[in-house]
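Shared chain: chain A. Partners: chain B in the first complex, chain C in the second.
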Partner chain A sequence: MHRYPRWPIHLALLAASFLMLIPFYWVLKTSVSGENIFAYPPSVVPKEPHLFYYVDVWYYIPFARYFLNSVAVSAIAVAANVVLNAMAGYALTRDFAGKGLVLMLFLSCMMVPFQATIIPAYLITGRLGLLDSYLGLALPQCSTIVCIFVFKASFEAVPQSLIDAARIDGLSEWGIIWRMMIPLAKAAVATNVILSFIWSWNNFLWPLIVTRSADMQTLPLGLARFLSYQEDTTGALYAFCIMVLAPGILLFLLAQKEFIQGLTSGAVKA
Partner chain B sequence: MAQVWCLLAPSLAIFLLYRILPLLWNGVLSFEDWSPLKPAHWIGFENYNEMLFDDDVFWQALWNTLIFMASAPIGIVIALGLALLVNAEIRGRDVYRTIIFLSYPMMTVAVAIIWRWMFDERVGLINYVARSLGLVDRPIEFLNSFNWALPSVIAANTWQMLGFYMIILLTGLQSIPGELHEAAAIDGAGARRRFWSITLPLLRPTLFLCFVIGMLNSFTSFDLVYVMTGGGPGRATELLITYIYKLGFSQTRFDYAAAVTVFFFLLLVSVTWLANRISGRDAGAMRMD
Partner chain C sequence: MIDREFGRSLWYRLLVNRFMIVLASIAIVVAIWNVYVSFHDHGVVEGRVVDTDGRPVEGATVELWVLDFTTYVERTRAITGADGRFVIRGNASHNIQIGAEKPGVGRAARIPVRLYFKAEDVSLAAPLVLSGG
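This part shows the complex of A and B:
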């Protein structure tokens, strides 16, 4: 391959990165300095930056409560995803009558976006008596088809002789999954954890439908609500925004590889 | 064998409960006259009649959803350019990839608030830049304008989806064997020629995949629209999904919302099927000339 100059590529990518980051900067700037909406032009560099807005958030809204709710719902979703998807993924590596049917069912379920189910999903959750509860908030997301396939692919890479040996040693199927398969499939576990966490942490539509009391609201709901109370002129809204984004971004940066692998494998399968 | 079914049971139960059952229930509900306070009775196609012949909002929402969908290729083309750039062997490409992808896993509600602020008519960055460059002499109220609201929401959505398209296209680019490019280069094909005759034809299935994702996204972008504009001004940014939500949960018309959902789902399935059909016909085939 012949050489070509690299600087135009860097220049184009720097411009793209700048455009992708500038909205974050604009919000970060407002969160540390506020904005006088009657002064024009707006300041590009924050004047007298301070962190008071980050303190204000705790007084304006029950931030701790929203945070706790989000953590509880995400924890249920993540734990359920790892356990249930590992079980289903392992089952799909075995041969059994009706496997084709199950696979077809899973693939067709992938075609049904959650948004197309909201009315009956609400009615079903109501019949189950789970409206306004952590379990009701987490239940529709407790198992994800993409993540089942991530486990399946990873379990299939384990040599059959190893599984046979474990069976001869008297390990039950349950024991094989938890004592042997899971330790061998750490990347798949990481993919499951991060995907289910991000999906549940960011989810807005479902909590909007099933929560009734202010006590059960999760962070995205709290954020949308704060916007409708305060209008968008206070620095505290943007401080709240940054505080809500931080955990997701942090986790994404830590487990970027697993996240992208999971997403692309899911997208390509779909 | 019983063991296998035990292992599958919890996941199957969740999917049956929250995917299959809702589909069937929507179908039944759409033919009924029902609200939580009165008994259901069968009314045939009355809900559908109202939707198709007597509901301007439905048509407006459908039209907006289709415009939203038709704008997906803009993002995909930009993402293709970015994917080609970050696929080059340059220093720091992982950092570029991370930065461009970063907006995708973010909470959409927060993205909506960020973009409301960017589009703000008083101190928003976009109006500030436009005014400084002399493009406009009066600030534009992007999100309160009938002409600008939908393009603004689409721009915010494209910003969030760009990195995802890029990553998918990058995976596609990396699956193209390097020898093809090398052989073509030896035969004297320039970079542009190799792009049109090798990269693009081989990338075709991936491009269609991106389009299917973008299409799905246009049907499901509830969070962004709900927080940025709430469907307004008027109905200028109403999408089918926000309309379904409002019908169901502000007007308590579950039966009618179910009819719109059935339409919504059938449209989604047929567009996906069509896209697969077009891309599948000669997916991966190369132009030999």
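This part shows the complex of A and C:
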């Protein structure tokens, strides 16, 4: 039984949600109408909506190829994030010499912007012979410190007695991670999947530097290319934005419950 | 392999969940769309040409203009029959314009025709009206 009525909170949340959804609606509306975004008075409902701007985007640039590249790179990044971050997160829940130093190193590395590490990252990728390849595109995003801490927080919530019982039953450390910890940390897995997917999907700078052929470009680069040689593209540009955003939004909507759980558990237990 | 906690097989839980259902639904829609496209991508553009009184115009020249990067260029022509109808074949674009002309009768300004995929078969709903001849 609630002491206070909840409807004012719900009303405020509805109003906030409405305000946050306005830009999305505006992009969607412009993508089907092509109306000038500076038109006054602005029309709330699209006039004569159609889907031809989406058709234009599909054919003006090799959208399918860029989409495939983005999917491949994001899939590698997501898989690598889940595997590597889970291993790192589990290791950080164990006691070992220099653990505090490692944690401090991780935290300090979070303060270094990616732009500052681009040159060494490029040189390493080049030495590995991975320039202009899917693996090279995904390499710097194969593990992220934030996601390591999400796993660490989630693993720390597992009772030590459970881990000891698993060890007594004969499970190796690998077995403990993959057969016990991961099934208990679904929210952390979902958080890793969503964050790594969105970061990889939206990444612009690294693909710009590491790709050499047009066939290896990803969607953000395609958007820049599209903007560079098309004029009067209000409708098509917004359609392109919708097409780029849609997979990320869909993934978020599908896994939002686990995503929020993962973030909140990380917030209170880290 | 049966998961006792949930009472369903592991494969069932892996395959029947919201992620797989959404992906499968998208795949089905894409497959249906591609089947539809494969049956309607012969590049046929049909229509009629009439004069200002609505009578069919025989022997009018109909032009197909195609968007070439940033400008429209003329690709092919067709001549209308006795009933004013024309059929243009081999259109490979999704963004075209159609115009018509017959000396002595008049000219119809090019009208834009937007298609949902390249070479989509289309029949113009409204006839081209020659005027100003």
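As a working rule, the second predicted complex is superposed on the first by the 208 of 270 C-alpha atoms of A that agree within 3 Å, B and C clash if a C-alpha of one lies under 4 Å from a C-alpha of the other, contacts with A are read in each partner's own complex, and residues count from 1 in each chain.
Here, a contact is a pair of C-beta atoms (placed from the backbone, for glycine too) under 8 Å apart; a residue touches a chain by one contact, two chains touch by 3 or more.
This is a predicted model, so every value here is computed, not measured.
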Would you mind checking which one, chain B or chain C, touches more residues on chain A?
B
First (chain B), second (chain C), both or neither: which does A:51 touch?
second
For A:6, select first, second, both or neither according to whether it touches chain B, chain C, the two together, or no partner.
first
Considering only the touch criterion stated at the top, classify A:250 as touching first (chain B), second (chain C), both, or neither.
second
A:59 contacts which: chain B (first), chain C (second), both, neither?
second
So chain A touches chain B in one structure and chain C in the other; where do those two contact lists coincide?
none
Could you please specify the touching residues of chain C with respect to chain A in the complex?
18-19, 22, 70, 94-95, 114-118
Give every residue of chain A touching chain B within the complex, in rising order.
1-2, 4, 6, 9-10, 12-13, 16-17, 20-24, 26-27, 30, 35-42, 84-85, 87-88, 90-92, 94, 96-97, 102, 105-106, 109, 111-124, 139-140, 142-143, 145, 148, 173, 177, 198, 201-202, 204-205, 209, 219-220, 223-224, 227, 232, 237-238, 241, 244-245, 248-249, 252-253, 256, 259-260, 263-264, 267-268, 270
For chain A, which residues count as touching chain C in their complex?
50-52, 55-56, 59, 231, 250, 254-255
As the complex stands, chain B meets chain A at residues 1, 3-5, 7-8, 10-12, 14-15, 17-23, 25-26, 29, 82, 85-86, 88, 90-91, 93, 96, 98-103, 105-110, 113-118, 120, 122-125, 128, 131-132, 159, 162-164, 167-168, 171, 181-182, 185, 191, 209, 212-213, 216, 219-220, 222-223, 226-227, 241, 244-245, 248-249, 254, 257-258, 261, 264-265, 268-269, 272
